[in-house]
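A, B, C, D and E label the chains in the order they appear, each numbered from 1.
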Amino acid sequence: APQGSQAGSAPAAAPGDGGALPRNETLYTSGTQWGPPANFNPLREWDYATGTEGLVYESLFHFDGSAGKMVPWLAQSGTWVDDKTYELKLRQGVTWSDGKPFTAKDVVFTFELGKMETVPYHNIWEWLEKAEAVDDQTVKFTFSKANYQEWDFQMYSRAIVPQHVWQGRSEQEVLDGKNENPVGTGAYTYKSHDQDRVVWQRRDDWWGKTGLNMEPKPKYIVDIVNSSNEVAMGLLLQKGMDLSNNFLPGAANLVKGNFGITTYYPEPPYMLSANTAFLVLNTTKKPMDDPAFRKALASSIDTKKIVEGVYGNLVKAASPTGLLPQWEQYIDQQVVADKGFSFDTAKAKKLLADAGYKDSDGDGFVENKDGSKIELDIIVPSGWTDWMESIRVIAASAKESGINITPDFPDFNALVDKRSKGDFDMLINNERQLSNTPWTYYDYMFQLPVRKTQNTVNFGRYENKEIWKLVQELDQVKTDDAEGMKQVMSKIQAIHLDEMPIIPLWYNGLWSQVSNASWTNWPSSVGDTPKTPPTMWRNWLELGGFETLTQIKPAS
Amino acid sequence: MMLQLDNVTKVYKVGAFGGKTFAAVDGVSFDVRSGEVVSLIGESGSGKSTIGKMILGLTSITAGSITVDGVPVKAAKEYYRHVQGVFQDPFSCYNPVFKADRVFQLIKESYYPQVSAAEWDGRVRSAIEDVRLDPGQVLGRYPHQLSGGQLQRLLIARALLLDIKLLVADEITSMLDASTRIDVLNLLAELKERGLGVLYVTHDLSLGNYLAERTVVLRNGTVVEMGLTDKVFGDPLHPYTRKLLAAVPRLNAPWEDAEPTDTCHYHAGGASGALFEADAGHFVACARFDGCPR
Amino acid sequence: MTAIQETPAQDVAAGAGVRREALYFAVRNGKLLVGFGIAFLLFLLGFAGPLVLDAVDPNAYGTKPMSPPSGEHWFGTTTFGQDVFSQFVYGLQTTFIVGALGGGIAAVIAMAVGFTAGYRGGLVDEILNMFTNIVLVIPTLAVLLIINAYLGVRSVPAQALFIGLTSWPWAARAIRAQTFSLRTRDFVALARLSGSSTRRIIMREIAPNMSSYLFMMFILLFGGSILIASSLDFIGLGPTEGISLGLMLQNANQWSAMQLGMWWWFLPPGAGITAIVGALYVANVGLDEVFNPKLRET
Amino acid sequence: MRQYFGRKLLVYGLTFFVAVTINWMVPRFMPGDPVSSMVARAGVSNPGAVETMRTYYTNLFGFDQPLWKQYANFWAALFQGDFGISIWVFPTPVSEVIMGAVPYTLGLMIPSVLLSWVVGNWAGAFAARRRLLDNTVLPVGYVLTAMPYMWLAVLLAWGLGVVAGIFPVAGGYSFSLQPSLSVEFVADLLHHWVLPFLSLFLVALGGWAIGMRNMIIYELESDYSNYLSALGAPQRLIRRYAFRNAVLPQITGLALQLGVLVAGALVTEIVFSYPGLGSLILKAIQNQDFFLLQGTFMFIVLGVLIANFIIDIVYVVVDPRTRAGMAGAQA
Amino acid sequence: MSLRVSELRVYYRTLKGDVKALDDVSFTMRDGEILGLAGESGCGKTTLGKSLIRMDGRMRHMGGTVELDGRELPIGDDRRMNEFRFHEVSLIPQYSMSAMNPTRKIGKMVGELLGSRGVALDRAELESRLDLVELPRKVLGNYPIELSGGMKQRMVMVISTLLNPSLLIADEVTSALDVSTQKAVAKALIGFRDAGFVKSMIFVTHDLALTSHIADTIMVMYAGKLAEKAPAKVMVTAPRHPYTKLLINSLPEVGVRHADKKLSGIAGSPPSLLDPPAGCRFRARCPVAGDECGQEPPVVEVEPDHFVACWKA
């Protein structure tokens, strides 16, 4: 078998050269990897060692979130030749780390891997008809239905794997293989790993040096497995770490307290926003099946207290639409002004009363319209301390408005189980990240049909064909058609705010605390510094995280 | 014939999980009649206490039978109404955290719950007087405030509160001083005159001799000699009995230096086997009386 | 870590006179007085404190987060502005409850097993002994972790129950050994001759004889429960409602109190646990000395 | 002798059996389903893919077989050292994950347990019946035993690590190094080892010191000590004898305490993010990694059992009483 | 005169006050003499024995002197007493069964003990003494637990006398044994004296009959005081003190039957030593007590070597 010579022969930790890594050439980072580096399989998007994609494997494009545009990467360009045909021109001179040239065949091979059911992007084959290599540098994709928004997302998300290594791997190997000693096109190669770290080493023959005119500055990147936030903070304070992408409680104090630690913004919210924390309501259950109740609930939540009290201003309250600040242009401010909500106990009470929810037994909590008691649970995984604190605040402020909510902290597993089966009242979730398109958010909020188990999207089992149609419509708007997008989205936002099946609460930060002791010129909002996201998070290297590595400078 | 032991055997399991067995009492038969003291004599470990405990139902009988007036031993209230015991160490017979007269209270709770406190008090006092103690001196005191002799006599008084027919007295004098010991012995003798049967367990031969009508000599769990006390002590047939007697220090006579020379196989434990009536009412388990070639 | 590791079977039988003597030594035993004194003060603080504190909810957010101890906040405040002193006071309460419940449950099991095995002997003893040994050898914290992780029962009583169910073996063994030696005492035989039932003999003859021993054992189980509970809390398997000293430590740790220099957050809870458990242990030596003339300094 | 060990082996065997059974039962009868969580993690939404993955993982973990068979397989796998595949570090075999952590835990446990035992016993013996020393060793010992492990760990980390900056407070070795046999690496390893070791050592120390002190007082009051004194033997000899005899129950104490010590090590590792079994367990819990949790638990049980067994043997070797008792003392 | 005890007072300190366990006891012993010390439980026998070698923590030397071979024993001074122990005064304790370190082989322990007293172990001598008490030589390689009670007793006897002490105190060494073993041990003791391993011996027991076989002289104590001291023969045949008389009368002899001759004990119990009554301490139980007994009776040598403390003697 072709792959035989490559896979499975490498020792877990490369034999050390004994000496320490030179401090001034090494970047220490943490906050991405929550367990020991388990595998280097870029298709295991949920648990490969962070950096597997982005440092070792690369995608066809990157996406620049602040400019809102695709940045050609392995691809030189991509164009829609017609409505249903997309043609990709690949860069010349790209080589795999084993020296073999990168060609269109590799791209086709990667996409065709998706025909295996268990590959995460298997879905695209529902609307992608075929992918073919026209020549070594050209790939042609033919679609049965062109989902432009989603396609762009695929273009910068998919890690391209070498056909000559992967060919012949069984579905099980693709799904479960560790892929030790990964062969990629990226700027780094795997050097070694241990339970608590992965070490990447720069590839000095990386194509991007000339092709992109970029060079990542650290010769070595040591990605430290997060054991806990306090350990990360300790390392950061002792200058043992340069970039911490952990949520560090009290980070504001670090920034203010002259510890030599900075964040993107020098003042609240300190961090860029990365995703939205939603309050997911189980719309199949009474009274969450009633939009009036949901809207009342939305008004009863004291988000400010969460932002200030729990997070110490490290996060921002979310827009009622839930759209990240990066997508601000798509928010229809008029719709928000008309239909939006904010924390207002009196209003919440009024909304409840108007909808017929009354406290008939005088216990201080309203009852269902039929007089039965309302006793709702709100759940987050046990041990997720900031969220645990947050739902305590939510429950307390909802009680003020007369809604009886009890916080509960099942284990993550149990929660996942309940969540996918729809066996919950309400929960907090933030699974969708910033992306090239708000479509990914709406897909997450409204996807239909509702299945027996809802594993990734629409946990609240909200069924609204109209809005789902609009979401699909949005998908098919060309990504450069901002106006077209706005139009559809305005309609979606109106329905969302009227129906309120899922309540946006706050934006989680793109946690990033940096020390300037060894590396400087970190991205920040002030001065002449890069504006790229200062993060090594999974999927964020393609969103500009990698570019950050090329901009920092060793402190002399 | 009130107490009857018939081929009684007690096998203890020893070692982890009872891997080994050990016969502490092996085929013992004798009886005790009303109004009679039978003394059970033997060296340490010969199984005397084990026999006492079996009679009192404190330990199970492996084989054979023990009956009192034809009723087999049963560790039940009714049985203890008629059969009681007094043990060697008077201090350990009292729960040190309670007052000594609690032993009477326990009897009342079990057997005479309906008797009024006043009447009970009367009975207790008279029983105490029966054992020739002054109730005023012994009631309401803790065990450590009383002497061994007093405690031992209180225990006998306790037994007297019940309608007992048989008393098992297991080495009840060995912890007592010579001067108090004799009082307790005299008390046992009085009980016998009242018609009780007494099994008097001891390793002190002179005491057994002082009190008992009949004597049973035990060795390694088997009876080596038994019969009327006069005969056993006056004309010991079994070499082991002789050796024992020779070892007893006597006040006025020197130790008999002559160890019995005609030692036979007696030291082989129960091997000597069955008892033979060497003389009227005088049994011995010795090969010499079995037409042994030696 | 106990003073009653298997000490050579001591003479547990303490007579009334001995009891009076014990009292005499008790009031003169510095260790006993200091130990119980500290434990009692903390107990008072835990149970009377909440009555006089104005904060109803010790977890309520305050306005001055991360402030060091001051007149207003005696022990300073947490990252959320919670008053560390209120938390400490309520935490003490929980800690005492866990100790009493966990220690109590363990003591009950230990007594049931120990008395039965020791008194009955024979096969019953073999089986119970085997059972005790099994529970003893299995690393209980690991079991607690597993069970707790899966069941996810996260209340103080549930925690105490788990602790109680796993921390009894050494005590059962000690009781068994003591019962074994007491069982052969003649007063037990005498009680049987008086028609007492087995249960009654255990409860009324044997147990009173070891009352001091049982009391000491309870103290050790109490302290042990507190320590185990604090470990569980710390790992994140503590109760989800309310506050305990272990949870305070966990919070302090999770919210980086150490790195942020908020010593006032992590010092008091640990010191509280150490003080309670240490005081009880010291009192225990005191008791040991009172009941055991040999240990007294002559 | 043989019977003694037979009996011990029976207890250990049963313990192991019970432990394995609990271990097998717990994930199967508790809420939450590893397969669901694997699937959920993968973030696959397509129903066909979900089904495929479900079947795949159910197969992989053997959940499709009847319970008794799963139980039998569990045992069979166990004897092949196969603890299954970690979910958290998928698809690394659990045994591999554990083996990576074991050296750290052992490196921490063995020295701290043995040293604290030796030093504690020594200190306790030294203090006993010496008024002045007794009055210092005893209270210090009590404070130490009464300390929650993690608190002492936090105090040490704070005092010697954060404030004084002498020792690192997290990790097994520096992130700038790779394991090798170089002096630099070993020194670094030791540097990281000091604080966790110290906190385990100190807490255990107090208990042993107190235990020893009490034991030796009993021994010094015992008949043979009295007899030796009456014959004018010097204190040196009497103390030596007393020490030797008092150490014996302490050996049993060590066996009794092992479980607790393991627990202490786990918590301490967590405080110092020391890459041993403790941290692994915490992660396994946080990530619902049933198999890893089972594996670590199994490993700890085995470790404790083996350690207990060794202690039993040592005990027999050093205490003639057990040997004589076993041989059935001659009369 | 090997031992001279004069006006010895030893009290126990207790919470309730001093227990006057030995109150003004004087007597002497000759070389080669075996003194049987008898008396009721609690009369101070053990206390006397302990006083001569090692007092425990609660005992206080309140007065009087002890002279051994002409040298005064510093009995109140634990340190100074040490040089006499083992070499001059030795002891077979009441607790012989547990007197040896359970975790040391006996031979080794003996070697270490002797070594610590600066004496080299004479193996041949040790073995010859083992032979004398009929112990197999291999016991030296055994642990104490491997010996039976009687063997332990004899082993301790050998150990205690290894240095040929001038005075040996044997406290209730036979009480726990049954008659035949008792006899063997008792004979061994006499053998030791005869062999010159010990010069003189105090044999403490509560069994008058036994002591009459071993001892040359018997001393009877009552409530912390000497009651009567006389040669053994005289003591059992012609006691002078009413207490001794009653005591001897209460002993059943083999052959005496209740039916034939009813013996009687001594009524009452000994006085508390916490606060003993003035005068003769036996007064309350004494059948012949008179007014003069309110005064403490002096110890009078009524015949050569026969001392009695009684006004009526």
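A few comments on the model shown:
FYI, a residue touches a chain if its C-beta (ideal position, glycine included) is under 8 Å from a C-beta of that chain, and two chains touch if they have at least 3 such contacts.
Note that this is a predicted model, so its numbers are computed, not measured.
The chains in contact with chain B as well as with chain D are C, E. Averaging C-alpha coordinates per chain and comparing to chain E, the farthest chain turns out to be A. Centroids of chain A and chain D (each the mean of its C-alpha atoms) stand 40 Å apart.
In terms of their C-alpha centroids, the spacing between chain A and chain C amounts to 47 Å.
Chain A and chain E have centres, each the mean of its CA atoms, that are 94 Å apart.
We define each chain's centre as the mean of its Cα atoms; on that basis chain C and chain E are separated by 50 Å.
Those residues of chain D in touch with two or more other chains are numbered 31-32, 162, 286, 288. Taken residue by residue, chain C touches two or more other chains at 149-150, 152, 236, 253, 258-259, whereas all remaining positions touch fewer.
Note for the complex: chain A touches chain D at residues 13-21, 23, 26, 28, 34-36, 38-39, 44-47, 117-118, 120, 122-123, 172, 175-178, 192, 194-197, 199, 222, 224, 227-228, 231, 234-235, 238, 240, 383, 411-414, 416-417, 419-420, 431, 447, 451, 453, 455-457.
Only residues 59, 61, 65-66, 79-81, 149-150, 152, 154, 236, 240, 251, 253-256, 258-260 of chain C touch chain A when the two sit together in their complex.
Contact residues of chain B toward chain C in the complex are 17, 53, 56, 58, 75-77, 80, 84-85, 87-89, 92-99, 103, 106-107, 109-111, 142-145, 155. Interface of chain D with chain C (complex): residues 10-12, 14-15, 18-19, 22-23, 26-27, 30-32, 131, 138-139, 142-143, 145-152, 154-155, 157-158, 162, 204, 206-207, 210-211, 214-215, 217-218, 221, 249-250, 252-253, 256-260, 262-264, 266-267, 270-271, 281-282, 285-286, 288, 293-294, 296-297, 300-301, 304-305, 308. Contact residues of chain C toward chain B in the complex are 13-19, 126, 185-187, 189-196, 205, 208-209, 211.
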